[in-house]
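What follows is a single structure, and I will ask about it in a moment.
Going in written order, the chains are labelled A, B and C, and every chain counts its residues from 1.
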């Protein structure tokens, strides 16, 4: 269970974000979140380079996409945000504030845990002899269906990992896809979307950001409300 | 007093059962009404507070259990040497804190506060017996999570309300705008 | 009185220890002289005589132990009957099935496949005679669980391999076994 192990060792995205904000001695506001966006993305890149598990990266991507929205809005004040995007941003601020408050609760639990003031209990029917009390009406056919139930649940539990893996692998595929679409003609941001899923939007944002940094593409917005045009350099 | 005998009976029952026992079940076994059972439990609990008693009553809603008092460190140290106490990882600490102070709580709330999908860490904590889940009214797969009495035992607390600053953190979600 | 605290400590000690404990050892654990330990034990014993106590001190030469008073035996017998009269819960049936198809199997594997801690359920199945445990090579605390012959007989089977689709389920479960 490497996923589980990795998940246990790493800080979650909100923890990291809070650390970055506190490092700069900032309050939790939209402006301060915008200021730490670059650092957060750097950390995300480092995680990808270290081949941290896909599940955690996906969680970081979700937070990163909101930070990018905030950042874009600070850079391009005219950028119109949808009601959903606006509430996403508010949401992130609220969550980070709650997370920061709960740090105190974590401290309490940690210190009690380390104090080792254990209370001990006794085992069920300790010191008594086992007596054969079979349940009535059980037959050999009852066992396999019970197993089926567990196996079904186990499968359902293990499945999301596969989905997350595919989503993350998509980032690289998406970059290639965008470059192919931009072959010859510039395109609007909307034209680059294939489906309307939220995860696709996240990946798209990150792909574009990555390509700007690598100077593979050129981004332009003619007027304030015009669609952002993306062209290959 | 008739009640005294019932208190003795309750003690014997909890001693043998070992695990958390519901008051409803206790009432049935002691052949008394549920309200009476609650009274007997309360009297038993107050007697345990005496200095010459080594046991404490643990409570989780309607379930009770007896355990050794946390202050007997020598006893615990002698007997618990074999017990290997793992450090809590950041993910485990985050999740346990939320479940301890806010529980019973659905996974969606835990995910929301942590900003990550918590299914793996919850499964890990369930396997370690630190967290328990109950089916909520909404259906079989809508579980609610709470810390186990075993977890509280590790902290030396008889109930979750004894957690430091319990009220302060318990209401934290309502004090912010949440969906 | 300092002695009161020692009585409490003694109670906690006997509560967890479970097995008979020598007075000499008790003296060492409570950090008192042996004569003092004997006095503490005697006072503890006289307090247990009170009607509101469910426990009694058992002596075997220099070794002592606590157990429920004989007059509360009936309540404990009812407890066992009540506990085992009930049908198996879905969780118990699941655990029993894993043990049947995959046994002998350590608890860690059962916990992993079920995704929750199974220690209480296994203990319950053990006391009910449906499951047995064997010490594995790895040491005292690494038990392995298998279904009892009595239970197989109850199902009308002579060997576990006769369970429906034994090979199929055994193979699936084996693929989930943790190292």
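In this text, a residue touches a chain if its C-beta (ideal position, glycine included) is under 8 Å from a C-beta of that chain, and two chains touch if they have at least 3 such contacts.
Just so it is clear, the model here is predicted, and its values are computed rather than measured.
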Counting only C-alpha atoms to place each centre, which chain is farthest from chain C? A
Hey, which chain is the most central one here, using CA centres? B
Chain A and chain B have mean C-alpha positions lying a whole-number Å distance apart equal to 31
Take the average of all CA coordinates in chain B, do the same for chain C, and state the distance between these two points in whole angstrom. 20
Give, as an integer number of Å, the spacing between the C-alpha centres of chain C and chain A. 43
Could you check chain C for residues that touch two or more other chains and list them? 12, 15-16, 115, 120
Mark out which residues of chain A touch at least two other chains, giving numbers and ranges. 120, 122-126, 128, 157
Touching residues (chain side chain A, partner chain B) in the complex: 3-4, 7-15, 17, 55-56, 58-59, 62-63, 90-91, 94-95, 97-99, 101-102, 104-106, 108-110, 112-113, 115-126, 128, 157, 160
Interface with chain A, chain B side, in the complex: residues 15-19, 56, 58, 65-71, 73, 75-76, 79-80, 83, 85, 88-94, 96-98, 100-101, 112-117, 119-121, 123-124, 153-158, 163-165, 169, 172-173, 176-179
List of chain B residues in touch with chain C within their complex: 1, 4-5, 7-13, 15-17, 19, 25, 28-30, 47, 50-55, 66, 68-69, 72, 74-75, 78-79, 82, 123, 126-129, 133
Using the touch definition up top, name the residues of chain A that touch chain C in the complex. 1, 120, 122-128, 130-144, 146-147, 149-151, 153-154, 157
